[in-house]
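Just so it is clear, A, B, C, D, E and F label the chains in written order, and each chain counts residues from 1 on its own.
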Amino acid sequence: MKFIKDFKPGDRVADIYMCKHKQSATTKNGKEYYSVTLQDKTGTVDAKIWEPGGAGIDEFDAPDCIDVFGEVTSFNGALQVNVKRARKCSEGEYDLSLYLPVSSKDNDEMFRQLLSIIDSIGNPYLKKLLQAFFVEDKAFIELFRKSSAAKTVHHGFIGGLLEHTLSVTKLCDYFCTAYPALKRDLLLTAAICHDIGKTKELSLFPVNDYTDEGQFLGHIVMGCEMVGEKARAIDGFPELLKQQLQHCILAHHGEFEYGSPKKPSIMEAVALNLADNTDAKMETFTELLQNVTEPGWQGFNKFFETNVYQTKID
Amino acid sequence: MKFIKDFKPGDRVADIYMCKHKQSATTKNGKEYYSVTLQDKTGTVDAKIWEPGGAGIDEFDAPDCIDVFGEVTSFNGALQVNVKRARKCSEGEYDLSLYLPVSSKDNDEMFRQLLSIIDSIGNPYLKKLLQAFFVEDKAFIELFRKSSAAKTVHHGFIGGLLEHTLSVTKLCDYFCTAYPALKRDLLLTAAICHDIGKTKELSLFPVNDYTDEGQFLGHIVMGCEMVGEKARAIDGFPELLKQQLQHCILAHHGEFEYGSPKKPSIMEAVALNLADNTDAKMETFTELLQNVTEPGWQGFNKFFETNVYQTKID
Amino acid sequence: MKFIKDFKPGDRVADIYMCKHKQSATTKNGKEYYSVTLQDKTGTVDAKIWEPGGAGIDEFDAPDCIDVFGEVTSFNGALQVNVKRARKCSEGEYDLSLYLPVSSKDNDEMFRQLLSIIDSIGNPYLKKLLQAFFVEDKAFIELFRKSSAAKTVHHGFIGGLLEHTLSVTKLCDYFCTAYPALKRDLLLTAAICHDIGKTKELSLFPVNDYTDEGQFLGHIVMGCEMVGEKARAIDGFPELLKQQLQHCILAHHGEFEYGSPKKPSIMEAVALNLADNTDAKMETFTELLQNVTEPGWQGFNKFFETNVYQTKID
Amino acid sequence: MKFIKDFKPGDRVADIYMCKHKQSATTKNGKEYYSVTLQDKTGTVDAKIWEPGGAGIDEFDAPDCIDVFGEVTSFNGALQVNVKRARKCSEGEYDLSLYLPVSSKDNDEMFRQLLSIIDSIGNPYLKKLLQAFFVEDKAFIELFRKSSAAKTVHHGFIGGLLEHTLSVTKLCDYFCTAYPALKRDLLLTAAICHDIGKTKELSLFPVNDYTDEGQFLGHIVMGCEMVGEKARAIDGFPELLKQQLQHCILAHHGEFEYGSPKKPSIMEAVALNLADNTDAKMETFTELLQNVTEPGWQGFNKFFETNVYQTKID
Amino acid sequence: MKFIKDFKPGDRVADIYMCKHKQSATTKNGKEYYSVTLQDKTGTVDAKIWEPGGAGIDEFDAPDCIDVFGEVTSFNGALQVNVKRARKCSEGEYDLSLYLPVSSKDNDEMFRQLLSIIDSIGNPYLKKLLQAFFVEDKAFIELFRKSSAAKTVHHGFIGGLLEHTLSVTKLCDYFCTAYPALKRDLLLTAAICHDIGKTKELSLFPVNDYTDEGQFLGHIVMGCEMVGEKARAIDGFPELLKQQLQHCILAHHGEFEYGSPKKPSIMEAVALNLADNTDAKMETFTELLQNVTEPGWQGFNKFFETNVYQTKID
Amino acid sequence: MKFIKDFKPGDRVADIYMCKHKQSATTKNGKEYYSVTLQDKTGTVDAKIWEPGGAGIDEFDAPDCIDVFGEVTSFNGALQVNVKRARKCSEGEYDLSLYLPVSSKDNDEMFRQLLSIIDSIGNPYLKKLLQAFFVEDKAFIELFRKSSAAKTVHHGFIGGLLEHTLSVTKLCDYFCTAYPALKRDLLLTAAICHDIGKTKELSLFPVNDYTDEGQFLGHIVMGCEMVGEKARAIDGFPELLKQQLQHCILAHHGEFEYGSPKKPSIMEAVALNLADNTDAKMETFTELLQNVTEPGWQGFNKFFETNVYQTKID
């Protein structure tokens, strides 16, 4: 398969791509055509269908995968695919992971590791709460495993939420060995649940955008409410334990200006905020280095607020 | 009755006061005694009971109202009551409003006005939601009407939450006439519910202090959750309407640094934030002026971040 | 009349528009032409006059209203009017309100309401001061009624200063009923005068831009000075009253970073700042909603510093 | 004369001091007495007059200079003068400079230097403006020469305003030689006038405190208005020149948060802000070093926001 | 031994304590005495020697350990030891660890672990650099192992610098397994060296205060310079490697406002900042919990900028 | 010579220009060509060499000066030189100052003034230190005299570092006469050395860009280290004097957020910061005014954070 990032003017196109967007339009001369965005995991490209009446053209829509036949041209300095023919593909014809960004780590393996950490929780109420989400709630599990952790920044791919959650949880587990004052059951439960609100804040791929609920309430408040509901459904769940767990979730961004309505008041909330922040920064820098084309200085980076550099040791 | 603010060294004390605090202690010579704090609506004063064995002395505790007989002395520059005798009073012997700060406005009248505004709401779901709190939920109503709106700042008295809520709601109603783009049903419902989380954030008088839940979650998140629960219990309550209402509550402090996890995204949320802020500042300045003893400049005020002055017009 | 916002490539143009800008230029081939900006109340469009010698072409200049004959074309993705003929119109041929943004409210009616509020002021000195501006000073009255309240943000139209002033004053009047500690005469006088410096800070339409004086001194200091001068001209005007009134004007932006050299020290100054801020935000959101083309999320808004949404209730 | 900073318990007091404050009070036993604060240029001390009826005791008040006979005692860890006799002195009996902080530089000489700089101004309008203040306005001159430049910080002594003004003006004169793009006439006029509002913002010694006008309006706005008035009184004073001069005064604090309603827009305003800031910091550090008792580290300094150190070079 | 934190009025004192401070003074009656501060690892207490001529009294000074005989009294609400006799002890009579705060972890064991990590470094230049400090430089090693990591905050005890360094280094080692993009040799070398400047910034116990050099230059710049010197002494040490290592040290506080002259530009610098911050916060909270006397809410904590709470799980 | 800023479409080009950048590229049709940037002291222009095989074309590279023959065309709204022939010039054929920005002041004269100030230093250690740099270290002197003081902002030209250093030093000398508490030897030495790290932070013209070392360490830390090394090489240089001098360099940006790891603790460090800031702002405004094409308002300026204006006095 020829990936979009390798397209050059003059190339023939004869492969399956995802249709990310399709809109009918009119030329200045009054002629109808379709403006389409094609996508694979390496990027997107504009495409035009100047003859909308052609076979199959009217049958597909975003986010179908379509078999495209056409030619790459250059228009106003940008590439454009002139689509001659297109056909909607049926599931099975293509490998979705070629068209959407996916975690490089094995989803099953990551989930297995998460379950094994849940198994290690000693406090019966916290364990029941985790099982209510990650063992019993099939709809939640499916959503959680597919979700990305962000729209644009770090972990913005399928499985990203699971990967980030597992990484933060392991970091917290390390903290528990290094700082014995931490209560492991509480901290690890909070780590596993800290971003579950993201399953509602962002819609799934290929859209991966903020939902209304996400914009109005945010994943912090939604996650806190989800934990509250599940806890209330568990007989005898201690009220104070629930509040401390919810507090960890509310405070996990660490500062008001990052959207936390409370600053961390207990040591576990401080630890969770540190682990979340660490994983975010390490993953962001890792993704940045993966996209380096020339070694050395990479210019100013908004997230790190300084010029960044690919470490050089020979 | 002689009020605490008028105590002078040498005064006889023979009246009923509230016992705010009672603790047994030991002098350097090993003698036991009680250290007590007495309170009325004008302030508090330290008191000592040097003969703990006396009649009635061991029978009362905070927050009982007690009939005190003793004398005012001065110790290290502060007043102290030397208590000779004390007796626990029974309800009916005293008027509680003499001992605790109470809104100067009539509680029944304020609540009647609130109910009449609820009556005027047209949207059936929002009206049902308000009735579920303010008509049907007796426990909530009792709490809501007694709560203060703050521990130390404005409206920190019994009935303060009701008074503040009514004032904000009326201000929002005025806004609706001045700015027709506002949706009155949504704005007034949000105004009435905006601080209901305070019924759980602060314990009732005479304690009037933050609860664990209040410190861990805060009234903004708790109020949002309370509204969510009641809405879910109403058949057919539109999901988007619920989210917009919850958003108004989450965003009513206006800025992240004031503890709102979201900034106002809809016009009603902006309006609610303005009304809440206005009532807070106007009431704070009003309370400040009520405590003025000398006209003119009152020195630096931390809330207003400047020197404040009692306006002079003759 | 065909409005500019409805222009499409290929359209004929044969209507009166305002000339906002006119400049002679030279093509690469050395040929002279005119570059012109046409304006009506719906927007602006570039225009070119390739044959400058034509009848009437040299006789008009900004800000004349001209009768244009030409054709709409598209150049580099933007619309452009190819002007064939143009003629300067005389007053009476056109309705100015079609070419400039004007308040949707009746100017006479608004001014009448303002005068009636002035009538209700009890303090003789403050009343005289207001009459000196709004009854006796004809030049000021003309300017005040035509001024906009801003170059780009809220109330940026003819009559905007009057509309904003009236709205803030009424809001302050409502505050006086809700918060009896406010001194109505002082607060309403300050509200009526708070932005009078804008009559000098911004030039009138169609220019509506900052004057030198406006940039060097700003409307806050200029308004304060205007009030000081008028007050000094009134026999016996109490010095302290003048200072408190000027203080309200100086402090009405509330914070140093918004250009107020003093923070509000008296309750009326606090109230004026709240009313001004409220009217600014409510009007800005109202204008924003008036320009909504698709309901729902409107994207990030710099003024409100968040994504904004058109409230949806069905 | 024995200075207050040298008082020790047991000392006899028999000298003239200034009475800064006098208040009658009552002991717990109901006996009347006077509480007095005595001051000389080295500090202040509390004093009590237990026998108010004594000769001369009732005849003096703040800020008289009085001849005191008494004894220094120690009360609660602080010194207190037990006054036996006191007598109001008449002018001529004492040297006021012993009782109030005074500039160490000669007032006449400084003023002469200022006048000679005024003489060097070439622009006739600016020169006339300066003469209107510093040559013709006798009341202003007297006030200006006596004023301090601050209540507590740098130059807080009689003649401080003149000393600071002269120092800033000379610094600006140096700038003009180093940076030829500066317009000397404008910059020096602005420098000479930049703090004239302080003659109204602070009352004279011995009070040296903010006036009502000073608190409501501030010396920046008052100085701007004073310059505006004098300029309007000069026939033909160019409007734009007046605005630029006023702008320099308004912007001389450099930042909104320091009370300037405008940031510097012209090079002269930038220069004036730098000179004012430089003189403030250099004088503050100089006064700090004058009060050093032990060399080396002086602890945290709020103004410089760090630990400060007396430079050591041997 | 009776520890200072257990002193009560009336107690006899007959033990060895460290003299932290000794100063001669004079009573109001002109009598000489000594004012002394005694210290053990649990705290400090004021002491007075009213008879300075006594045996041994004049022979000791801070920071000697002295054998004290006296009585605990209470003065103005604080404890005070009335010292009757005192004798300077010779080394060997006492166990220094009773008088100074010491890390609870074994110094030899910690240093052994650090050396073993150094052994694991693969890059020959970085390994040589570490050995130059931690194997060859005996004076440095002695200082490094005794130093505290702070004057007042976390790790402010003997061995604190070693404990903090080891903890940060292990955390970085964990990061290397979790985030493979990190260069372990560089990161661990930077972690081991990041605070070596503190050996010069703070003097050793019992003083443990900032040195002149520490205040003028700070441990960040001094540590950077120390690394630079050692690297220059190693033949062939790659210049770019040296710069990246120094950069990690300069940037390890993460933000300008925390005293880093550079923000982290390479992933290892980001990681080091995260590890340092994590260890600081976890240790601070751990020390805080160790000092808890009553469980639950601990009041407002300046470091964490919120009320803190001792986690409760039962 | 025809300067680049005067190029117009259609112009013939036949002069020597500096080649700032040269890169070979391929057209869409597969044809090779060179993309070149030409530079003189008035600006830069893009150029294309469509026939790379021509005489001399392959022989030059950046930063050679080349004799160009070609034609100015316009492409996509920007100028472009179509190069027909080009020839590498040898030194002596051209005057380098025509191609690179150079200080308008005489380099020899400025350096002579600097040496004469060094001569006036009384303290023998500081004088030796200055001589070690500015008299004995030929490599440093050559670098120092050629360096610019910045990549983009003020003094960004050959000789800029010398010009800025001299100006700051003279300003400090003036401060010493105005504020006698300043130690002249220390302040002037610090002023002369404050930016010497820039000789390593920026590469020389024509590149004038940040070096790796510059980005990793910054001129503040590098300058501090350079001074430390030279001082250590001088026998008997007092340690405390070295630290105070290094402190002045570290603190000369005044605030953490401007990259200083220490805030000024001694009066000389405060003075140096003020002088550096003053020269930066005055030179920036001067350069800004030199580039004014239309008098009056110059639009918003990011450095001064406000609209700026060319002062107008007639």
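In this section, a contact is a pair of C-beta atoms (placed from the backbone, for glycine too) under 8 Å apart; a residue touches a chain by one contact, two chains touch by 3 or more.
No experiment lies behind these values; they were computed from the predicted model shown.
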{"item": "Chains touching both chain A and chain F", "value": "C, E"}
{"item": "Same-site or different-site touching of chain A by its copy chain E, using the half cut", "value": "same"}
{"item": "From the options A-F, E-F or A-E, the pair that copies B-C, where over half of the contact pairs coincide", "value": "A-E"}
{"item": "Farthest chain (mean CA position) relative to chain F", "value": "B"}
{"item": "Most distant chain from chain C, judged by the mean position of its C-alpha atoms", "value": "E"}
{"item": "Distance between chain centroids, defined by C-alpha means - chain C, chain D (Å)", "value": "44"}
{"item": "Shared interface positions of chain D, touching two or more other chains", "value": "212, 215, 240, 244, 262, 265, 307, 309"}
{"item": "Full enumeration of touching chain pairs", "value": "A-B, A-C, A-E, A-F, B-C, B-D, B-E, C-D, C-F, D-E, D-F, E-F"}
{"item": "Residue ranges of chain F touching chain C (in the complex, touch as defined)", "value": "9-10, 74, 297, 307, 309"}
{"item": "Contacting residues of chain E [partner chain D, same complex]", "value": "28, 212, 215-216"}
{"item": "Chain A to chain E touching residues, read off their complex", "value": "123, 167, 170-171, 174-175, 178-179, 181-183, 185-186, 238, 240-241, 244, 262-268, 270-271, 274, 277-278, 281-283, 285-286, 289, 304-314"}
{"item": "Complex contact set, residues of chain A against chain B", "value": "212-213, 215-218, 220-221, 224-225, 228, 239-240, 243-244, 246-247, 250, 256-262, 265"}
